[in-house]
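Accompanying notes for the structure given below.
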Amino acid sequence: MKYFAKTALVIATSCAATMLATDALADTVLTVATVNNGQMIQMQKLTPEFEKANPGIKIKWVTLPETQLRQNLTQDIANKSGLYDIMTIGMYNTPIWAKRGWLSPINTSGKYDVKDLIPSIRQGLSYKDKLYGAPFYGESSMVMYRKDLVEKAGMKITDRDKWTHIEKVAKAINDPKKGIYGICLRGKAGWGANVALVTTIVNSFGGRWFDMKWHPQIDTPEWKKAVTFYVNMLRKYGPPGATSDNFNQDLALFEQGKCGIWVDATIAASFVSNPTESKVADKVAFAQAPYEVTKKGSNWLWSWALAIPVTSKHQADAQKFVRWATSKGYIKLVAKHYGWASVPTGTRESTYANPNFQKAAVFAKAEFTAIKSANPDDSTLKPVPYKGVQFVSIPEFQSIGTITGQMISAALAGKMSVDQALENAQKIAERQMRASGYY
Amino acid sequence: MTLTQQKKLKTVLIGSLAWIIALVLFFPIFWMFLTSFKTEAQAIAFPPELFFKPTLENFAIVQERSDYLYHAMNSVVISFGATIIALIIAIPAAYSMAFFPGKRTKDILLWMLSTKMLPSVGVLVPIYLLSRDYGLLDTRTGLIIIFTLMNLPIIVWMLFSYFKDLPKEILEAARMDGATPWTEVTQVVMPLSVGGIISTGLLSIILCWNEAFWSINLTATNAAPLTAMIASYSSPEGLFWAKLSAASTLACAPIIIFGWFCQKQLVQGLTFGAVK
Amino acid sequence: MKRTITRLLMAPSVIVLLLWMIIPLSMTIYFSTIHYNLLYPGPTRFVGWLNYDFFITDPAFLTAIGNTTLLVGSVLIITVVLGVALSALIDKPFFGRGIVRVLLISPFFVMPTVNALVWKNMMMNPVYGIFAWIWQSLGLTPIDWLSTYPLFSIIVMVSWQWLPFAILVFVTALQSQDHEQKEAAQMDGATSWHIFRYLTIPHLSRPITVVVMIEAIFLLSVFAQIYVSTNGGPGYSSTNLAYMIYNQALLQFNVGTASAGGLIAVVLANIVAFFLIRAVGKNLTV
């Protein structure tokens, strides 16, 4: 007992001591918030190089899961707390936050070579022609499939097929008894999860989220057709538990050799073609995302970008870091340390022009084509008032998208019909838009 | 079969049943521990691999990427700090309620418990704004204050029921001997209720250690405890189960081992007045 | 004199809790009457009951209340029944009882988020999870737990975490049971069941009350497990009130509606507490 009391006392005093000890750092400390993706981890590991080149600046990292990060950053920036100097934000948030005046424009002068940025990515991260997020890496969506299984089934996948053809191939490959599922797709509810994929399907079936007067279009025939198609295909030829599958779960399935076809982010290509992790590395092939009625908006466009909140007290130093981490030189630095196959892709045209990269990355060409072909300003058959391929750049979309995702996953789980699911989503979306004062 | 044999058989049966149930309930933790020694590919292998060549790679990665000791120190400081402060505030209150109950005592206790019923997520913005205005965002002090208040009602309640069961005769005897209120508390009440205070404190430490909502939403780099460190291993794009298991093992191990060592004390004090 | 001292001793606790309650609560009440969205900075305006109306008419509202009740009720029943049974089982000495007890209480020390991640990805995953493997070994089709039985899966995770707490409390209580009384009953020819039913259970009535009260407080706001594993779905099938408020507060950043939701949750929680106290309160010797 005495022992316990003593320990408690010691701990209490040491607590007090550490609380009182103030950081006696003369250096500028930049706090960078980011997500736990491979490329971001490389950046963390390479920061000593930046600190060496810029004495007097120290970098501190905060890594969080995507949704949590968005929450913390929104709290910080909307309440002007100023905890972070550099924020990793997506293409969805960048224009919205720039419009609010929460972000400082990125200094793109001089050696930064802003013209080298892929136009679609640059466009997506700009507001009123000013760049507010420096693209760290970018991605689109595409088809990854097993050459061996497709061949064995006597089928063929060309460079760009229709969804209905992909379904036929999936049907031919599907062999659940042997643990092989024809197609793996995202099914987990969330605006960045199943909704991202479903929106590209809806776009290619000729649908859209809103009409020009901001009325939701979720219960229109295009949506019903597209979602029915998605649900039927995934229920018939997909893996069990598809409603909880997101990128990672599908990645695990594909690498274990359990999927014939997988349509997802282009970044997946670097994982599934990596033999140390993937059992099927030598059997993978790539194609452009499927389309149906139109090719518009059939592949998504996303980028993780570095942005500087106006509340940061170290604007100039933060600019230095952002310019460093998204420069051509940084890409070369990664190549030097980790090889050309691991450089952050989807941001600069010069990367794709580099012969070393072309040799190292089997997916280079397919990825570049996909990213270039996506256009966030023109991704639907009918006109829309919004920007974004697989999202709508308004604050309400997070919640509308998530609820719609919930409904679609309920339909996928067989808990309700597709029609009912979409009608529910439509009602909720209308309610939301009305509450926000759109009409 | 003789009666002793029968008794023995019964003990064996009960023992084996208990063992089986215990192992089943412990299995997820064991599995997480095992996964932390696997590669990412082994972690998703099917059928699941029980025998494999263990690797320490995940722990190396966690060590390299996060300052484990710093986060652990934050967890220790915050949970012990909050617990000690809460005990200091709660002991007098529980003492007075147990020994000098008034008409309102019951109402006050229930009211205290009811303050815990506002869902954290519903008051996030007010608390966030207050923390910001008082410079408590991302500080250990901020989290200590919140955790103290969060656990105070339960601590008061547990102590109260423990004090209430102390034999009154001893107290009266002490008073007869001319003990002042101060000596009564320090020399009679405290020694008798050490078990209760310790187990209450232990419970509070466990609750603080595992709290994730406030500790993630109100911290960035300086005050982030282990729960925030674990959160940094979930990845939107890329397999992470083995690394996450390693981080979780590191984060949970101190409190699990601490709990194992203290379980006797923990059990002693959780009587809630069942001792009569 | 005595009353003054009593009051003085209680003052710190009462004052800090009062502040802790009143300040956020009044801010919440204020926020709940204005249009306040973090993503729309600028002047806020008074909207009266609109936020409450918006929250209550949300199509998820009734389902969420049902799910909350079901979740709290089931976990309480599971943890109390299994807790009593298991602590009675390990009441008498047997080989390795200390280790068994340690194993049984361990899940309580695991962080809720980790708990959910382990169950979701390593146990319940229908393709490479442990359950899928067991089912397949038995020649059955693996079950997709999280989408077929979402709320049940959550109940399993939450019960796994809180069962050890119940065991802890009941084990302690059983230690203090009068063993002479038990032996006397045995001599009189009472069966184990009778002893359990007529001696042990009544002895445990107060600890049971305590477990129910404390757990109910925590269970009413279960959030981490849902957030990590099912995101409240599919549809609304595992959305509870806390998760619904989260949806408002942190997906939409609609502080006004989230505040209204928080207040509604407090009122409902207090109604539950009122009935709980009525039902089991006589055991609280307060």
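Going in written order, the chains are labelled A, B and C, and every chain counts its residues from 1.
The rule is short, and it goes like this: a residue touches a chain if its C-beta (ideal position, glycine included) is under 8 Å from a C-beta of that chain, and two chains touch if they have at least 3 such contacts.
Source: prediction; values computed, not measured.
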item: Common touching chains of chain B and chain A; value: C
item: Most distant chain from chain B by Cα centroid; value: A
item: Centre distance in Å when chain A and chain C are each reduced to the mean of their C-alpha atoms; value: 34
item: Inter-centroid spacing, chain C versus chain B (mean Cα positions, whole Å); value: 15
item: Contacts with 2+ other chains: residues of chain B; value: 44-46, 124-125, 129, 231, 234
item: Residue list for chain C, restricted to those that touch at least two other chains; value: 38, 127-128, 250
item: Overlap residues in chain A, where contacts from two or more other chains coincide; value: 71, 75, 79, 252, 256
item: Residues of chain A defined as touching chain B within the complex; value: 1, 4, 8, 11-12, 14-15, 18-19, 31, 33, 35-38, 41, 44-45, 60-66, 68, 71-72, 75, 79, 81, 83-84, 179, 192, 246-248, 251-252, 255-256, 265, 267-268, 271, 276-277, 279
item: Residues on chain C engaged by chain B in the complex (per definition of touch); value: 2-3, 5-7, 9-10, 12-14, 16-17, 20-21, 23-25, 27-28, 31, 38, 86, 89-90, 92-97, 99-115, 117-119, 121-123, 127-128, 130, 132-133, 136, 160, 163-164, 168-169, 171-173, 175-176, 203-204, 206-207, 210, 213-214, 217, 220-221, 223-224, 241-242, 245-246, 249-250, 255, 258-259, 261-263, 265-266, 269-270, 273, 277, 284-286
item: Chain A-touching residues of chain C, taken from the complex the two chains share; value: 37-41, 54, 59, 120, 125-128, 141-142, 144, 146-148, 229-237, 247, 250-253
item: Residues of chain A that touch chain C when the two form their complex; value: 71, 74-75, 78-79, 96, 100, 188-190, 239-244, 249, 252-253, 256, 258, 395-396, 398-399, 402, 405-407, 409-410, 412-413, 415-416, 421, 424, 427-428, 431-432, 435-436
item: Touching residues on chain B, where the partner in the complex is chain C; value: 11-12, 14-15, 17-19, 21-23, 25-29, 31-32, 35, 44-48, 89-90, 92-93, 95-97, 100, 102, 105-106, 108-110, 112-127, 129-130, 148-149, 152-154, 156, 161, 164, 181, 206, 209-210, 212-213, 227, 230-231, 234, 241, 244-245, 248, 251-252, 255-256, 259-260, 263, 266-276
